[in-house]
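What follows is subunit A paired twice: with subunit B in the first complex and subunit C in the second.
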Partner chain A sequence: MKELLRDLGLNVRIFFQGAYLSYLALFAWIRPPHYIATKVVGPVFYMIFFVLMGAYVAGRNDPSFYVIGNAMQTAALSGVFGVSMSIDGDRWGGTLIYLFGSPANRLALFLGRAFMHILDGVFGVIIALGWGLLIFGLDLSQTHLPALALTILITVFSTAGMGLMLGCLGLITRNVMLVNNTIFFLLFVFSGANVEIGSLPGWAQAVSSIIPLTRGIAAARLLIGGESLAAVGPLLWGEFLVGAAYAAIGFLMFRQFEIIAIRRGTLEAF
Partner chain B sequence: MGAEAIPDVHGHAGRPPSSCRPIVHCPFVAFYEVCFNFRMNTIEVQDLRRVYNASIGAIRRSRKEIVAVDGISFHIEQGELFGLLGPNGVGKTTTVKMLTTMLIPTSGRIRILGLDVVKDAKKLRPRIGFIFGGERGLYWRLSGVDNLRYFGSLYHLDPDATRKRIPKLLEMVGLSDRGEEKVEGYSRGMKQRLHIARALLHDPEVLFLDEPTLGLDPVGARDLRVIIRNLQAENKTILLTTHYMFEADALCQRIAVINKGKIVAEGSPAQLKSIVSDLSVIEVEIFGGVDDRLPALRALPAVDALSIENREQKQVLLIQSPAGAEAVSTILKLLDGVRVGKVAVREPTLEDAYIRLVEGEA
Partner chain C sequence: MKRLTQLRRHLRVILVAAEMSLRNNLTDGFVIFGIVIQPMIIALMAFWMLRDQGPDDIIYIVVGSGMTGLWTTTLFIGGQAISGERWTGTLEMLVATPAPLHIVVIGKTLANVLQSLSAMVATYALAGLVFGALPTIARPGWFALALLLTVPAYVSFALIIAPLFVLNPEVRRLQNGLEFPVYILSGFLFPIALLPGWTTPLSYILPPYWAARALHGASSGGDVADILFSMAMMMLSILIYGLLTARLFRRILYKARVEATLVRQ
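What follows is the complex of A and B.
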């Protein structure tokens, strides 16, 4: 028993070390100016743009709809871009052969790539909500904050699930950025960040229901509007399961990629 | 450097407990080794073949089979430094990839440390280390130390033990004072030395070095060779590929010369040299093109193998000939009209043996 615990402790430390270092190693925006521009300043402009747009086009004078939507959408910056680049990045560095040549536990390796981006993404959403408080007077007085924190975490997790899958798609197709940009805007349009899902046509609503973010954004709006955690429970479970499903598909692709690359000798093609 | 024992990943000096290598440490085998001067083969390769399916053409795609490795067999003994030598594109890297579990053979069998590389890949990976030449394959945004820590986590090494081991490894490869710097600022040679440290991190029993001196200047390449030689003193079994004969000569106990996917000769440097011992090498300096004369020269009975070396403004024809000095006049006659410089006849070197082996096939 004692040994088991010690082994577990060791494995956890190894996991964190790997997760942390791979984040530093593979994250393209790690340089401070770049990071701040993308994650801290960028979201403000989105928010301002959509609040103004919303006021003119949709005649909506309550900015909180857009503030919450765009703040939650920043989750995808880390979840989709950050994570997929971390998975795909090894191809560019020529490190795949050393990665797969190691006895590393593939699941831990795979999930480790997402770990820091999830923390980072949570941080990003909080900053964006902070802007909302500061600039648009977002009202959190009715909000159960721990529930909101959980919602943010789950939402970032689910975008990261998507990112894991997209990263593997990048490994296979060798063109991660094209896929990423497409998906990012897909999320933008269909997640309900800036439009009411109810106002979308039926097929679009179907898309909304199978992508990350949709339920997380809805839950965040409800919580900030004063609802309880129990009320958003089903939404959160749904968001979590969507993310887990993408992550699972991603992991299967990751394993398959390794097996096929070793069979065909394409581990180093790029 | 190198001679002192590096503490292993378990924190103590020297080899891991013998339980890791039951066969070699079995008393009967040790007895056998002593009495009959017989050693277990660490690596056994049998009729290894690999065919790639390359697609050619961007629009009308068609498939083409490339036979990269064409039925090679060899074995490497425990503690041996074995060289796989051959010109570009003859299948060295392909062979090393198969040996390191990173490519499935089309047919044939490889056993390393008693394990099958395909079936037992998982068990084998922690016990081997490898590098594929060049600067890629490191995380350039991380420092040298962090690269090693990361690879340590991939090998499930205890972070504390790795932290203690890293300075020793860096010292061994001469990077002690640069370990904290980001790899993107490293020179080519530094990156390649860091690769060696990476490959040694988990204290593997077998090492595969695919062109470790690729692209290094003569001094850098020499430093790296010193490091490799020191590794052997650590009782590692090493397979090295190179296309430099002198490198194989300087380092390896045994060499297999590979050409077009096949092993064309195998033996100690001295044995390989004896292939050409009955020949002389005629060196003819020439200025200007001679391509039109080459077929006629090659056709001469007195010419066994011919190669051309470029040296500054001139070229040197290297002709291996059983006739020695007597062939010179015939050769010069064929070179009539070409500006010829110095002509010399000398004893063959290992380099000449290599040229003969890979030219002879052409």
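What follows is the complex of A and C.
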């Protein structure tokens, strides 16, 4: 029992230390102006772009549809880019070999990479919603705010699940940024951030149902429209399960790549 | 005679630099994303957003989405035409060669802009795929002429951005935040009339705005006088940005040769 508790304590420490250090490592090259341009200023411009594009192309004059969709899409900046860069950053930084050589619990190591980005992502979505309030007069008067906060947290977790999986792809490919950028832009279309899911072709709706964000965005729209937490419960469970599924696939890939890389001696081969 | 020889040499440098850039870019994942994937995703989204699928709307989206690819690669690839050399450690050698630095950078950005035009081909093909028929360009002659002017207009803009990113690394760090503002101010996918009036002068100083206005006008059968005016404004911006470029490159060479601080990050 004592040993079990000691192991648990060690794994918790690995989780939080790994989370903190891998997040901090990103700032070796991402400086505050870069962070502000990407996470604080960037979302306001793509929000404005899609609101105006929606008004002109789709003839929809209610900005809240695009404001909520694109504010929630901000979750993917941390979830997809941040998390995947934390995973594949070990390969680029030359530390992967030591990581795989250590006896540290792999699950704690792996999931720890997402922790800080989830907090950061929640912060990012709140800022983006703030822009929506300020520029487009988003109405939150009917909103159950704790429920919205929970929705944001689950949505960011779900995108982080996808980020964990994409980060693993970064362990075997050089072009992970191509994959990340493509996924990020595809989410703009398939998640329902800018196009009604119901107006998508059947195959695109099928894609929407298996990606993160879709249910989170739908839940946020309902909550801001005045619905209760109970009403969006199934959507939130769905969003959580999608994220957990991606994280699980990512972990399986992580373990598999470790075994293959060690067997072939190609751990850091590019 | 001497001037003619010099011109020939410069042309050769431009072509060689362009060829090298093209070869490099062909294997660059981000370039592929910028000129093919991203414009096609934006176009697909806009096609699905369309309220009624009139031919004018479709060609408007094809041109506008293509222009987003043109700007993204101009900003991220053209903007790093000089700082990229700094990262690879070749900037000092480039500055020391007999070929003027700006001529080399013109070659690099020309390749980048020409390559980025394929964004428009990609979105055009996508429209054919989605709607089962290729959209029609209302004034093909004017469109070709506008496209011909768009190339130097974008090159002249990239020639301002590239040295600015080297001279002010803080500006380069804002790069990620500069992509969508230009999409908005240039009216790629909606008219700038939807924006507040105070932003209009900002649109006017952007060559992509005049390029978009000319190309949208020509593709949708707009007024010829307006297309001509937009092309004249593109020429004016090429001239003004050309003069600014000369000053910026003099500053870069001063930093390299007198202050010896060019390769400092």
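In the analysis below, the second predicted complex is superposed on the first by the 252 of 270 C-alpha atoms of A that agree within 3 Å, B and C clash if a C-alpha of one lies under 4 Å from a C-alpha of the other, contacts with A are read in each partner's own complex, and residues count from 1 in each chain.
Simple rule for what comes next: a contact is a pair of C-beta atoms (placed from the backbone, for glycine too) under 8 Å apart; a residue touches a chain by one contact, two chains touch by 3 or more.
Please read these numbers as outputs of a predicted model, since none were measured by experiment.
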item: Which of subunit B and subunit C A:A206 touches, first, second, both or neither; value: neither
item: Contacts of A:I260 with subunit B and subunit C, given as first, second, both or neither; value: neither
item: Partner chain in contact with A:A244 - subunit B first, subunit C second, else both or neither; value: neither
item: First (subunit B), second (subunit C), both or neither touched by A:S102; value: first
item: Touching partner for A:L134 - first (subunit B), second (subunit C), both, neither; value: neither
item: Contacts of A:L8 with subunit B and subunit C, given as first, second, both or neither; value: neither
item: Which of subunit B and subunit C A:I48 touches, first, second, both or neither; value: second
item: Residues of subunit C that touch subunit A when the two form their complex; value: 29-30, 32-33, 37-38, 41-42, 44-46, 48-51, 57, 61, 170, 173-181, 183-184, 189-191, 194-195
item: In the complex with subunit C, residue positions of subunit A that touch it; value: 31, 33-34, 36-38, 41-42, 45-46, 48-49, 52-59, 174-175, 177-178, 181-182, 185-186, 188-189, 194-195, 199-200, 204
item: Touch list for subunit A against partner subunit B, complex; value: 10-11, 13-15, 17-18, 21-22, 24-26, 30, 93-95, 97-105, 109, 262-265, 267
item: Residue ranges of subunit B touching subunit A (in the complex, touch as defined); value: 50, 52-53, 94, 97, 100-104, 122, 125-126, 130, 132, 134, 136-142, 146-147, 149-159, 198
